[in-house]
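Both complexes shown next keep chain A, but they swap its partner, so chain B is in the first and chain C is in the second.
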Partner chain A sequence: MKSVEAIIERALGLKPGSIKDDASAKTVTEWDSLGHLKVLTELDSEFDGKLAEIDALAEATSIKQIREILLAKGVLTG
Partner chain B sequence: MKGVRVSGIEFHLGGLREPNQDLLLDNPAWDLSAIEQATGITCRSLAKEGECASDLAVEAAEKLLVRGLVRREEIDALIFCTQTPDYLLPTTACGIQERLKLSTATAAFDINLGCSGFVYGLAIASSMLKNGLAKKLLLLTADTYSRLISKTDRTCRPIFGDGAAATLLEIVEGRDEIGPFELGTDGRGGDKLIVRGSGLRSTPPAHEASATTLSGSARAAMKMDGAGVMMFTMSAVPKAVSALLKKAELGKDQVDLYVFHQASRSVLDNIVRHLDLPDEKVFRGFAEIGNMVSASIPIALKQASDQGRLKPGQKVLLAGFGVGYSWGTCMLTWNA
Partner chain C sequence: MPMKTEISGQEFAVKVPWAEAPLLQVKTQSDVFVPTDTSLLLIEAGRKLERPLGKTLDLGCGCGVTGLALAQLQSCALPLYASDISAAAVALTVENAGNQGVACVARVGSLFEPWGGERFDCIVDDVSGISDEIARISPWFPSGVSCRAGRDGASWTVSVLEQASKYLTPGGVLVFPILSLSDEKKIMKIAQERFAEVELLLERQWVLPDSIASKTAVLSELIGDGMISCVKKFGKIIWWTRVFAARNVAATE
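Right, the complex of A and B next:
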C-alpha cells in the first residue's frame, strides 16, 4: 500500500519524494481544485473504491487532514 | 397488456459554439490542458443572446413533430423539465403549449430538476400514461445554465452547455418498455450546487451577489463544490445502478448500453470504475457540446442511435444524478 504522500504525488504528476507530510493545497501549486479531483480519484482507486462514502475527503486539502480522516475511518491503520 | 414506449427523440443545441480556447479570453491564466483532462470537454454549445431554455425546447419539439410520429393535436400532455424557466410564474410549459399550438386539453406543467430530470420525467410520464391521464406525452428537457455561470468560474464554465431534447412517449400494446425505476434524494447536498438569491429565500453573500455571467448580466451566479459533487456521484450512482439491476433481475452484462448523465470525464470515469463496466458499453457523447443538464441523457440516446450504438430492442440503463442531490435510474428498451 502506497503512502498518502506517494498517492498524491502520482495523482498530481509530481516526482516521488516531492510531497512532504506537511503539504497542502496551499503549498503545492498543482493541488488546486482540479488537482483535488485527481487526488480524490487516485486515493479512492488505491483504496479499492472504499473512500467514496467518506464525504469529508472532499474538503480535506492537506496530507494531515486526509491522514486523520482515513485513520478515523479505519482505512489507514496506525 | 399495455406498456409505455419512447417513440422518438430529437434535440436542439444553443446556437453559439465555445471552444476551450475561447475560455482564455476572460481567463488567460487557465490551464486548458488540465481542464480538458478533467472534464473531457473541448467545446460547448451555448444559447445565443436572448435565447431561453423554452426556445430551445420548442425547436426540439418542432423537429420531433416534423418527423410525423405524432400530430400536434394528438399530444395530450406536456412536461417541461428545466431549472432556467422563462419566469418564476407563469409555468413555462403553459407558454410552450401555446407556442406549439397544442390542444388546450393538454396537461402541461414544469418540473424543477437538473441532471436527474429526464429519468424523473420518464417516471412521471410513464405513470400518467399508464393511468389514462394521457395517450401521447411530450417530455421536454432544457436548460441555459450559461446564464447563471460566472465568466471566471473555473469549476462550472468549462462544463455546462445549453440545449434541449424533446421525447415522445406513448402507450403501446404489449410489454412495458420503460422501467423499473430507482429514484432518490439527499437534500444534504443542496448547497453543493446552488444559485443563492435566485429564488425568494435569501440574499446571496456579497461575493456571489453579482458575478458577470456569460450572458453579460450581473446576477447571482451558480456555485458548485466540484469535489463534493464528485464524491456524491461516486457513492450514490453505483449503489442506485446496482439496486436497479437487482430490481430488474438483470446482470450487468445483460445491459446493452449504459447511458449516464453526461456530467464530465472525471465523474463518468469514477462511476465506470466503481461499477467495473467495460468502456465499450458506456456511451459518451458530450465532448463537443458540454454537460446538457436534464437534456444530456436524451441527447446521448439520440446520438447513440444515430451512431449505430443503439439498436431497436436493446436494453439501455439510464442514470441521471446531480443537483439536489437528486438521482434516478431506469431501464429502457430502445424502440425509437
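Right, the complex of A and C next:
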C-alpha cells in the first residue's frame, strides 16, 4: 500500500517526495477544487472503492485531515 | 490539464503545463461563452492526438481559446479555421487570433453551415452539450448566451456527429466531448453508427456546482428519465466529461 502522500502526489501529477505530511490545499498549488477531486478519486481507487461513501472527505483538504478520517473509518490502520 | 486564470472580468490567461507552450492570453466579453473546463480538456485532448493535426476547425469557437491554444502548441496547420453561431464570438476570436499573431479564418454560422465545400484534417467540437434544464440553473450560460441543446443536451453534438464526415478528409479526426449532463448513451450510439473508430482520449470528473446540486428535484427527474448521469461520492454530486476522437476511416462521398 502506498503512503497517503504518494497517492496525493500521483493524483496531482507531482514528483515523488515533493510533498510533506503537513501539506494541504493551502500549500500545494495543484491542490485546487479540481485537484481535490483527483486526490479523492485516486485515494478511493487505491483503497478499493471504500471511500466514496465518506462525506467528510469532501472538506478534508490536508494530509492530516485525510489521514484522521481514514483512521477513524478504519480504512487506514495506525 | 491547462489552467485558466482570470486577469479581469474581460480577460483571462490559459497556461498549458507543457514546456513548449507559452501563456495564452485571451479576451472575452459578457455575450460570448466563457471557456469552461471542457474547453481546456479539449486542448489537452488535442495534444494527445498524433501531430501535426493539419487543417483544423474550431467548431463553436466562442472566444477562440481551444483553436488558439492548439495553434500555439503547433499542433495544427495555419490558418486556423473557426466558427460560431454568435457573430460576437467570431469577432472576438478574430481579435484574439490577431493579438496572438495566429492566422485565422473565422466565419459566423450554425455548425457546418459556413464551411460548404471545405474539408478538415481535424475538427474540434466545442458546441453546447448539456441539458437545457441544467444550463438554465448553471453558472455557465450567462444571459445572452444560448444552450438550446434540448432536454437531453444532445441535439448539437448529434448534429455534429451526423454531418462531420462530410467535412473531414479521409483519415481526418473529429474530437468531441460527451458530458454526463447530457444523454451519453444516445450520443455514443450515433458516434458509433457514424464512425468506425471512436477512441476515448481522456476523462475527467467534476464536482457539480452548488447552484445545480441544490436543485435536487430537477436533477432527480433528469437522472430518472435518462437525460443526464451523476453519482454521489465523497458527499458531493460528481459528473464527468469524456473526450473522444472519431476517425473518418473511409473516404466519404
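As a convention for this text, the second predicted complex is superposed on the first by the 78 of 78 C-alpha atoms of A that agree within 3 Å, B and C clash if a C-alpha of one lies under 4 Å from a C-alpha of the other, contacts with A are read in each partner's own complex, and residues count from 1 in each chain.
Keep in mind that, in the parts below, a contact is a pair of C-beta atoms (placed from the backbone, for glycine too) under 8 Å apart; a residue touches a chain by one contact, two chains touch by 3 or more.
Model, not experiment: these values are computed from the prediction.
J.: Look at A:S45 in the shared chain and tell me whether it touches chain B only, chain C only, both, or neither; answer first, second, both or neither.
T.: A:S45: touches chain B, not chain C.
J.: Taking the contacts chain A makes with chain B in one complex and with chain C in the other, which residues are shared?
T.: Residues 33-34, 37, 40-41, 44, 52, 54-55, 57-59 of chain A touch both chain B and chain C.
J.: So in the complex, which bits of chain A are touching chain C?
T.: Touch list, chain A to chain C: 13, 33-34, 37, 40-41, 44, 51-52, 54-59.
J.: Under the definition above, what is the set of chain C residues touching chain A in their complex?
T.: Contacts found on chain C: 1, 17, 37, 204-207, 233-236, 238.
J.: Along chain A, where are the residues that touch chain B in the complex?
T.: My answer: residues 33-38, 40-41, 44-45, 49, 52-55, 57-59.
J.: For a test of understanding, state which residues of chain B touch chain A in their complex under the given definition.
T.: Touch list, chain B to chain A: 31, 34-35, 38, 154-155, 225-228, 230-232, 234-235, 238, 266, 269-270, 273-274.
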